[in-house]
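What follows is a single structure, and I will ask about it in a moment.
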Amino acid sequence: MDKELQDLIKKLLTEKKVDYAIGYEKAYDEFSTRPAFVTSAEDTARLIFNKYCINNLGLYLTKLKKNKIALICKGCDIPTVRELVKEKQFSRENVIVIGAACDGVLDKRTGKQPEKCLNCGVKQPKGADFTVGTAKDSTTARNFNDVAEFEKKSSKEKMQFWDRQFEKCIRCYACRNVCPVCYCPDCFAQRSMPEYLNKNVDAEENKMFHMIRMQHVFGRCTDCKACDTACPVNIPLTLLTKKLAKDAKELFNYESGADMDARPPLSTYDEDDPESGIM
Amino acid sequence: MDNKVPQLNIVGFLCNWCSYAGADMTGLGRNTYPSNIKVIRIPCTGRMDPMMIIEAFHNGADGVLVSGCHPGDCHYTEGNYYWRRRYPHLKSLLEHFGIDKRRFHASWVSASEGKKFAEVVKKVTAEVKDWRDNG
Amino acid sequence: MARIGVFVCHCGTNIAGVVDVTRVAKYAGSLPGVKVAVDYKFMCSDPGQNTIIDAIKKYGLDRLVVSACSPRMHEATFRRTAERAGINPYMVEMANIREHVAWVHSDDKELATQKAMKLMEMAVAKVRRSEALSKMFAPIEKRALVIGGGIAGIQAALDIAGAGYKVLLVEKEPSIGGRMAQLDKTFPTLDCSACILTPKMVAAAQDPNITLLTYAEVTEVCGFVGQFEVKIKKKAKSVNSKCIGCGVCTTKCPSKKALSEFDEKLAPRKAIYTPFPQAVPNVPVIDRTACTFFLTGKCKICEKVCPTGAIDYTQQDEFIKEKFGAVVVATGFDIYDHSNYGEYGYGEIKDVITGLQFERLISSTGPTAGHVTRPSDHREVKNVVFIQCVGSRDEAKKRPYCSRVCCMYTAKQAMLLKDHYPETQAYVFYIDIRSAGKNYEEFVQRAQNEYGVLYLRGRVSKIYERANKLLVKGADTLSGAQVEIEADLVVLANGFEPKKGAKEFAQLFHMSSDQYGFYNELHPKLAPVETAISGVFVAGCCQSPKDIPDTVAMASATAAKVCALFAKEKLEVEPLIAGVNQLTCSGCETCYNVCPYSAIEMKDKEVKRGEVRHVAEVLESVCKGCGACVGACYSKAVDLKGFTDRQVLDQVETATAPITDN
Amino acid sequence: MFKVAYFPGCSLSSTAKEYDVATRLVCEDLEIELVEVPEWVCCGATTAHITSELTAAVLPARSLIWAEKHNMTITSPCSACFSRLKMAQLNLEKYPGLKKEAEEILGETYSGKGEVLHLTRVMLERYGVDNIKAKLKKQLKGLKIACYYGCLMTRPAEVCENDRVEDPMLMDNLVSALGAQAVKWSYKTECCGAAFSLTKTEIVRKLSGDILKEAKASGAELIMVACPLCHSNLDARQPEISKLLKAELNIPVLYFTQVIGLALGYGYLDLMLNKHFIDPAPLLKAKGIL
């Protein structure tokens, strides 16, 4: 598969279809990969694809706006590309999406496949310009059981749960920095005048940062789990991002990055929208 | 309910054209309601950035009410439709973080619904009180 | 550092009877930035305002908080006061301690006083962050675009032109005149429609201030009030300006395949045609979908017979782009298509016709030269049944609204029928008669009493074709009997519906329409001809069904609005609007998508040296300050003057903090 | 193999025996498997549906549940049975309380997902007129047929979901496919007076008389129906109606499956055409069909 991938990129670079290719290369040990930026045909030998390619490279699209890029995507990364195109961060013709068939990635921390891979319907990527390799999709459909289970807790229990989690948070902003849709030029968290968020690192402020970030990415977050993976203190951010996906689906029948023509749920309305308990 | 509920802080965001005028009408009709609500005037519920509500809870508000024009009556034609989408999403998200659903409310109050505004405030205050007293 | 003055009003005993105003003023004096805090009996009175002005001068204040009644009551008053004393009027905030405190918390004076202190403190917090704003101005292109050449468009164009402004009147069809030109007579005076319309059409054509553009359509709109930029497609007429309107080409044209739109498809028309003899301009067009030459490459008879060489088969659609300060939309209506009325034969029974078809049948310029004959076999008619409310007041057909004119035109048509053929019998099935209007009820009464038109209150349940007749079965709810009428012709009073493509057209201007597709006025009572898009006005039936006098009145009203706009040197704009900080804008277009007024423009702009980004910009003359963009922007790049994030956040913070009053 | 749950209803085992026989015969030829609902009970079309909402729901629910369990569309050749089954399904969906009560009585749960269709739609729409056409043995050339749909298979419109409420074409399309001619007439869905069949026969005579007259006037030689109640009013009462109208109507009334049967080559007795009051034999012989 690596060979197939390398040949494809080589071809694209030689034919000047793209300026860059963004893919994965081996990092410091065999269990690690890191993003690789390849500009010349000779350099393509670096590129690999395996179960440790956990990063969502869609992140880099917002950083390299003007170039033509070939981007290596797992099936679950492609919605990110669509979402960013929808949000005008990139034009679709400037990116060649190379879908890499993926049998599921491994979370180094646990040595297990993350939950998203167990119920993955896009192991064989959908919507890519080129696809390398083949993989079989999971037969079980994606579900929100874990979120639904958490929702059953009382609000007090939820509050206590998150308070404990956010006491751990060191506000390193890794979650934000790896998030492909957190591309604001000047994040609210760092603003002053008005100071939306106190710069103190304490549980309350930390919690508010995450609440606002979650609100900001609602209807845009593709639940790619990049933030969850990046968190150095293992805050279960997936419980939040998955909640967003569940709400978008249940409240507005919307799935981020699924349909290029669907308007983001909060940027549109229907005169017949439900009243949702408004008095 | 009793209008005297000490030490309960509720922030009310009222749109200028309907609900703020409706609250004025409540006064004109001398209908009473608990004094816990502090009103902030905004041009339209479409202006309601969910951040402001998160900030209010963060600052220690016990409850938040957002009130605007009835659907179809928005002074700016569409603002309250956007709000009608933001509200269930935000309510669900806040609940997920442990902010009880009894603490966050929305209503439609027109410029002529003075009585309704008093009823809404009573109901919101009672719900927030219920949350504080009974957990 | 801000220099704030706080002025607490007693409002007689209205406030002071409940709230301890001196305590409020004292508390105010303890707040940071507050240089003076006083209370007074009536702040809005002349001495009250003078107190404020004196304090401004004495303490060098730069911003004010008035703790009094609702800002909806006196904000304007105190803004003027501030202006008189040389302070920017937008540096004034009010704390509403009358409607929101004294009047609603009279049952506990202590809690009321505490709340009054809090509201005042919140106003102080807000005004501390206020910025001086000034009124803004924008230029106006003093030229109007009127879309739709029916009676509404003609009237609006004539009135605007009469005031001395230039008008471009765009019409989709080859001639102006619209629906009114199709009518035979008009109610309630029974004067000939063409006789009163034609002079207006001619006047519009001859007015030096009006440019007519027929056979043309608006395809693209950008810009905003005072500065609309409109792209118009001039469809190829295949006839150039040499045409003198002699009509020889039409007479000689051998093609008879097309059906006349003007005659409601009751008669054929030629491939080169003017819709009707009095057409303005009297220049024919070639319908390329029917023309033998365009279909087969042979014929060219019109070219041969034309005495001036005006036929030009090579003409192409042409696009022009022009600037206008204001737009009048008068695009009219279609009549309801009754093919989904199964009980009336799914539109498949030839002798069940629409009201508009009846107009053409009974018109002396129509296809039968005024003889009312059956479309199926051209026999003359004896019994004619009129059925009202077809596609109106019918929930089942999703047309619950009343089309307003059908009661009247049915009465008129029944009377005309009796006029032409006294021996015929006319029956009218109706739900109610709605004849509100000058001389309208009398008119309907005349139809019944003088003309002997038989009115039956009830609906028709079914029309049966039997032998050469139509059996009309219905209920007469007044006698409680089932009725069966053997008719020769059934005339349906088809209701009005929006023109086909009305919604798509609305999108060009970002106008909103109701669930049926009629354009929404800005306010149903107080702004009936304005739309949510400033500078765009609506007239006639594109807004809702209405009769000719209402249409004309509405058209003149739009003209008055356009003239009032053009009479200004420049456009004054309220400064409480949104603004974008382009440095923090991420260019995601969320604000652009939610803005109800299309007041956001997306631009590629150099925001920092060497950094060109896709960013939003607020069109200041278009923005109405609703803040929908602010509520939606997650980059926090948009803010709303007068209600900034900073102001609201400080109000929230103050509202939730305890009172620190000793 | 096309498989449906079959709810014949009481008429088809008594006054309309011939409809049942013809239907089963034809369906066998067409390879449509009719699985009779075991131990089916009254559909409630009698007095049940106007006297007790619960009875009206529980009676059909039994059959609905059986069909749903066996994953089959349920169909009835009788318009009244069809109407009861369909209305019960809708009411059980609309009123959760009713559903709960019905489930308690029956001791089973009902999801409401199964499909309920009149036999005409099963055969002519789902199975398809074209498929029928492919299996025909002969053409019914020269026969002019008026298709009569009646009320319960067309109304209420939003329940029956037919093509056109006022002018249905389902059976008319079949007639054309069989090689016969469907006459254009406007009494396809008029009331035959069915509800007054036993209590106020004078109304039935008037209404059914209108239908027969109109069919005759439009040139029809035969009326085709898809409901035993329509049939009994138009056929059994025809002699008395003729007397009342002082005109010899003599227009045979056949079930649509009987007509298909003719085109599949079945004979007079196979299709029990002898059971009709107006004997179709002379007409069919004259046309060379028998």
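Read from first to last, the chains carry the letters A, B, C and D; within each, the first residue is number 1.
Convention: a contact is a pair of C-beta atoms (placed from the backbone, for glycine too) under 8 Å apart; a residue touches a chain by one contact, two chains touch by 3 or more.
Given the structure is predicted, the values throughout are model-derived calculations rather than measurements.
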A count of C-beta pairs in contact puts on top the pair B-C
Taking each chain's centre as the mean position of its Cα atoms, how many Å separate subunit B from subunit D?
59
Roughly how far is subunit A from subunit B, centre to centre by C-alpha average, rounded to an integer in Å?
35
In angstrom, rounded to a whole number, how far apart do the mean CA points of subunit A and subunit C lie?
45
For subunit C and subunit D, what's the span in angstrom between their mean Cα positions?
53
In subunit A, what residues contact two or more other chains?
188, 196, 215, 266, 268, 271
Give me the residues of subunit D that touch two or more other chains.
none
Identify all positions of subunit C at which a residue touches two or more other chains, and write them in rising order.
594, 632, 636, 645, 649
For this structure, give each pair of chains that are touching.
A-B, A-C, B-C, C-D
Once bound in the complex, which stretches of subunit B touch subunit A?
50-51, 54-55, 58, 71-72, 78, 81-82, 84-101, 105-108, 120, 123, 135
Which positions of subunit A touch subunit C when the two form their complex?
87-89, 183-186, 188, 191, 193-194, 196, 215-217, 263-264, 266-268, 271
Per the touch rule above, subunit B residues touching subunit C in the complex are 3-4, 6, 9, 11, 16, 20-21, 23-24, 26-28, 30-33, 35, 38-44, 46-52, 55-56, 59-61, 75-79, 82-83, 86, 118
Going by the contact rule set out above, which residues of subunit A touch subunit B in the complex?
150-151, 154-163, 188, 196, 204, 207-208, 211-212, 214-215, 218-219, 240, 243-244, 247-248, 251-252, 265-266, 268-271, 273-279
Footprint of subunit C on subunit D - complex, ascending:
164-167, 184, 186-187, 214, 217
